[in-house]
Amino acid sequence: MSLGRKLRMGMVGGGKGAFIGPVHRIAAELDGKIELVAGAFSQSPERSREAGIAFHIDPARAYPSYQAMIDAERNRADGIDFVVITTPNHLHLPIARAAITADIPVMSDKPATATYEEALELETLVKKSGLPYGLTHTYAGYQLVREARAILAAGALGSIRKVAVEYLQGWLSTPLEGTGHKQAEWRADPARSGKGGSIGDIGTHAFHLVEYVSGLKVTAINATLRRVVPGRVLDDDCNAFLRMSNGSAGSLACSQIAAGEINEVRIRIYGEKGSIDWRQQDPNRLVVKWLDKPEEIHHASSGYLTAGVRALSRTPAGHPEGYLEAFAVLYSEFADALIAWKQGEKNPVPATLPGIEAGVRGMRFIERVIESDQKQAWVEF
Amino acid sequence: MSLGRKLRMGMVGGGKGAFIGPVHRIAAELDGKIELVAGAFSQSPERSREAGIAFHIDPARAYPSYQAMIDAERNRADGIDFVVITTPNHLHLPIARAAITADIPVMSDKPATATYEEALELETLVKKSGLPYGLTHTYAGYQLVREARAILAAGALGSIRKVAVEYLQGWLSTPLEGTGHKQAEWRADPARSGKGGSIGDIGTHAFHLVEYVSGLKVTAINATLRRVVPGRVLDDDCNAFLRMSNGSAGSLACSQIAAGEINEVRIRIYGEKGSIDWRQQDPNRLVVKWLDKPEEIHHASSGYLTAGVRALSRTPAGHPEGYLEAFAVLYSEFADALIAWKQGEKNPVPATLPGIEAGVRGMRFIERVIESDQKQAWVEF
Amino acid sequence: MSLGRKLRMGMVGGGKGAFIGPVHRIAAELDGKIELVAGAFSQSPERSREAGIAFHIDPARAYPSYQAMIDAERNRADGIDFVVITTPNHLHLPIARAAITADIPVMSDKPATATYEEALELETLVKKSGLPYGLTHTYAGYQLVREARAILAAGALGSIRKVAVEYLQGWLSTPLEGTGHKQAEWRADPARSGKGGSIGDIGTHAFHLVEYVSGLKVTAINATLRRVVPGRVLDDDCNAFLRMSNGSAGSLACSQIAAGEINEVRIRIYGEKGSIDWRQQDPNRLVVKWLDKPEEIHHASSGYLTAGVRALSRTPAGHPEGYLEAFAVLYSEFADALIAWKQGEKNPVPATLPGIEAGVRGMRFIERVIESDQKQAWVEF
Amino acid sequence: MSLGRKLRMGMVGGGKGAFIGPVHRIAAELDGKIELVAGAFSQSPERSREAGIAFHIDPARAYPSYQAMIDAERNRADGIDFVVITTPNHLHLPIARAAITADIPVMSDKPATATYEEALELETLVKKSGLPYGLTHTYAGYQLVREARAILAAGALGSIRKVAVEYLQGWLSTPLEGTGHKQAEWRADPARSGKGGSIGDIGTHAFHLVEYVSGLKVTAINATLRRVVPGRVLDDDCNAFLRMSNGSAGSLACSQIAAGEINEVRIRIYGEKGSIDWRQQDPNRLVVKWLDKPEEIHHASSGYLTAGVRALSRTPAGHPEGYLEAFAVLYSEFADALIAWKQGEKNPVPATLPGIEAGVRGMRFIERVIESDQKQAWVEF
């Protein structure tokens, strides 16, 4: 299934100093299915132009604004096939809305929007449009996260009884947002980030991961938030209890003041017969522990992985893949879905690729955590 | 400081099939300061006699009951110097009371008693008597737990901001207590174990560890308990939020249905500048992580360990010590305290050795957890 | 320093079923400096055409042979800027010779050639031509390999005393070459692979790594080779002693019958004051051990890494990079050198990028190992 | 099978400042089968007396010399049942000879003697006497070393193809022997240590381990020795190739100048279908890797361990054992053999307990390594 050409991507965000824009560019192009051809890389036309040069795209296609990009590209014969959104959160909805209105599919960084209400609006837009929409919950792209999901779905560990997910960082242990640090600045500012601090930035990843791997939904949450660094407006630490749709339970923790942790994403899920344990910083090993058998290490790219999952890696076993490759898995799935959609398929986005439903749940997670923290009680999800 | 002889220990519990009795015997004798000379090893006189033979003690000193042991030994010139209690929980207080009444110091397995009220009674008894009393919260005996405590006490990581302690096992993932398994049976029976299931058996260890290492007290707790295995009377899984005496916060988790975990005791404490991370199953390495410097692994027995802590190991660096050696550290400190006490010192038990205060706090922990779970709310500690 | 466009790459090899060709494509394009525009992907014109379609290049630029590609591309205004060679070893020299003769720079998979004599010829060609030439000893592209090299070069560990490098695989534990397995087949065939089996395929990587990281040269070698799997023509296991240029010594091991190992590349180098230890399967952590201080873990992308090395990663600390990213570092350096060369710089290839000298040493390594094994004695390098 | 009492041990060596004597005391007594009752702890009568007091033995049984101890104890009704030798190497034979001449069984620290000729003499003495003799190659006492041995013996991995054993330390990276450091001093002195430096002190352990675990014998060796630290008389670093009795091959490395290593004992053995990998510093985990299946971690004390091996631990899974417990396994087996021998059994020492044959092979190893190094060639073993 091919168009005989690469898909054309137009990026919003990703100008100089951006972290996630270049990551999207690499990930999108990695599997040879997509090429970056246009962009509105900055709200400054000059910086957008400079980024276009750095990305080696046609200077005419480095636009001063996302609206300009959408307007111009929809009228080109070789116009973009989709928009990728890599801006701060408050711009996610307006950009997505503009793209969808112009009939252009969207791949978006998470969270889907800045507020829950926006997410609901976006969901309506996406569903009405029938356009493919993808959300880059990167951790869902790791091969061994997929393997863990497959093992649980197959029931190999019996019913799930307990979950534990954590996402710990230490980089906001000091008031970095007051020092001119661009990444820290917008994340700490409710106007650009939304109501959630750590829970929006990384808690949503943890929340998505636990639902994604377990195949269960969170049905209730009891959370406690903190603003540990003096002067900080948004939360920088969260502990939460979870109740899951099958009656099991567990915990979610996220923090950006866990000094010494760099990016500790870990998920453990316990069934009746055993458990899985995966750490993002050691991503090519999945630990499977059993009640009565030796612990197992499942290595990425191995022949014994679940069919389908095995195909996700590009290198033989023992040649580590990482964050960019996980990201690229999501883009590869999005590209395949886009081609299928262009060829007339109705709902081509596979269940493995996080979409707008995941986006809505993520935004609801932020709402519910804040509500629970305010009430200091369980809230239904 | 020496008596010119080993201290004489009389054991209650530890008969055939017991797990922890033999562990106490090994640990007590390991450093050459103590010898087992008497015991009431079982409630069956015959089994007590058999255990005495197996332990190679004088047959006349294998007693049919703890009271018989205490009565006989207090009248011997070479009578026992202290009693060690290794029975199920409900017997801890009666035995301790009998010993203290007979002016015999006590070393006790944890928890201190079966109920909080009993713990308060025991505390009064101990304090009034002035007798040395030790509680074997084993994990407090590991050299690198001591090192973590020393690092935090010295302020090397700045103020503590976040704690996370967990103790996870999977061995009660099935209704083992209904199969005649002796260890599972009494733990699952409120009449012998008390109100706490996993929280009493292992949660108290986690609770003690977090206070012990951090040097802080838990001031409030919000816990959620579960009885996951059908038919189980006591809790087998717990997640809790903690508030600490310096205003920091964190989490405590314990479980006996975490299938695949064998004995996962882990503590992480985060300060302003870095954090410590210790796992009991890899006990000879203490991870110290920093905001801005390479992560460090502090190896047991190394020359760079804190003075005092360095002396706790018996082998050079690279020769691993484990659970028995940690246990023996507690006995060694108890022995030294006992000798000092015999030589007239007033409060010879060092702060490093858990005592009756730790015992009372552990029992209060069980109470508060249950209360919090019932209210589904925070409770003051 | 930029051409205002991406560099254009023409690939030889990399058709269907190839492992390393697609890896080169991803790595070359990853940092946005290079694009694949032409190829002679297979000796079958049909398969080359098919590969061209799969790579989404202009069909006219999928050539039936490397010579056809070179002839056509040198006459295009938008012709390729360099050739990448990803074929079996026996074709490395002919292709490189053809490219260089046509004044086209070369990036080559390792080993440089099939024989030592060929390597010397190629060295002469490269040097006379003045063309940039790069050799993809991938492991030299890992950020923390660079950091280890920098630490040693700075003398932080004192003089080097001992080295130990190993590269262990198990995938040739069975006579896979007799089963139609394409990758195993050519590697096991001296006509395509050269004289070296495991020593050529992976031993050359280990050899390069030890010289690259230590900054020393191997001056003598004592090796013992085996053909463990019955019927195998070339070696599949090697142990060697090394003497180094500063008088230190060490060991090199490679094997493709180490059943259970997937791709265990590890290097340890011991100085007077400490040592470094790096494993390719855990590539984002560099262990630095000291005589008298805690062991350190240096994490990829961290702020405390050596200046210059820090810049090699594309993601923040804690977001793992792997094999493709290491590969891409080499391509990125090659691209920068190529642009500088096009702009008139004389010897633009940096010392960090393996070149023809490394290629010659690698081929000499194969020769010397075989000679030493035959003599069962030390041979000067 | 019991004597109704503990076995009585008389120690030679182990006075103040000794490392290994106290370790023997702890290990011997750990399982409750043996008690230290007598000793000739130092060549200084005064220091021997002081050690006796510290060990709480009858002052009359702290002797000024080993001969005095043997003479006195053989005439006591409650005399020692065996002698343990914990002195520097050059005294091993004289003490063992004196004990055996007096019909007293011997447990000895390794190596068995100071020279190969002495080892042959001791072998003759032991065999003629029929007395139990044990050699504390500690690593043979680790539960998971036993498990690795059992797995290989059962053929689960197929025929052995490759072995790799290493024992690396860094503590002699400086000329410690010239600073008054007692442990370093005698080890560096050929008059007390014998011809071997690192190869005698730790290489013999590695050599024993590879034969012990593999069940194979070394048939030829090609070794290269170094004296890295200026002024050092004996070797401090060794790399060796091994040929094994089944035609397989491998490597042995030992070093005491591997700065940063504390006590890195590791053994890997590769069969046709998989491999085992065990590290002494992580002793409660045995890694078993397979060609086509997930890697396995076998945890100490687990129910799935080989029958017989399971019984060696004293604690449940997850409660780590270490060096002292491994040591104690050897003492426990020696004690059982001694009791059986006292009750008339002829050759009661089990194959699992290293004895005089292992002692002779260890001394031959030292000889052969030195011979090979001098010839720079393979020598038959």
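So that you can tell them apart, the chains are marked A, B, C and D in the order they are listed, and the count of residues begins at 1 in each.
Here, contacts are C-beta pairs under 8 Å (C-beta built on N, C-alpha and C of every residue); 3 or more make two chains touch, one makes a residue touch a chain.
These numbers were taken from a predicted model, which means no experiment stands behind them.
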{"item": "Set of chains adjacent to chain A and to chain B", "value": "C, D"}
{"item": "Of all other chains, the one whose Cα centre sits farthest from chain C", "value": "B"}
{"item": "Whole-Å gap separating chain B and chain D, where each centre is the average of the chain's CA atoms", "value": "34"}
{"item": "Averaged-CA centre spacing for the pair chain D and chain A, given as whole angstrom", "value": "55"}
{"item": "Chain C and chain D: spacing of chain centres that average the CA atoms, whole Å", "value": "44"}
{"item": "Numbers and ranges of chain D residues touching at least 2 other chains", "value": "261, 288, 295, 299, 302"}
{"item": "Residue ranges of chain A touching chain D (in the complex, touch as defined)", "value": "288, 292-299, 302-304"}
{"item": "Residue ranges of chain D touching chain B (in the complex, touch as defined)", "value": "2, 4-6, 19, 22-23, 25-26, 29-32, 53-56, 169, 261-264, 280-284, 299, 302, 314-325"}
{"item": "Contact footprint of chain D on chain C as seen in their complex", "value": "157, 161-162, 164, 170, 173-174, 222, 224, 226, 228, 237, 239, 241, 249-251, 253, 255, 257-261, 270-275, 277, 288-291, 295, 376-378"}
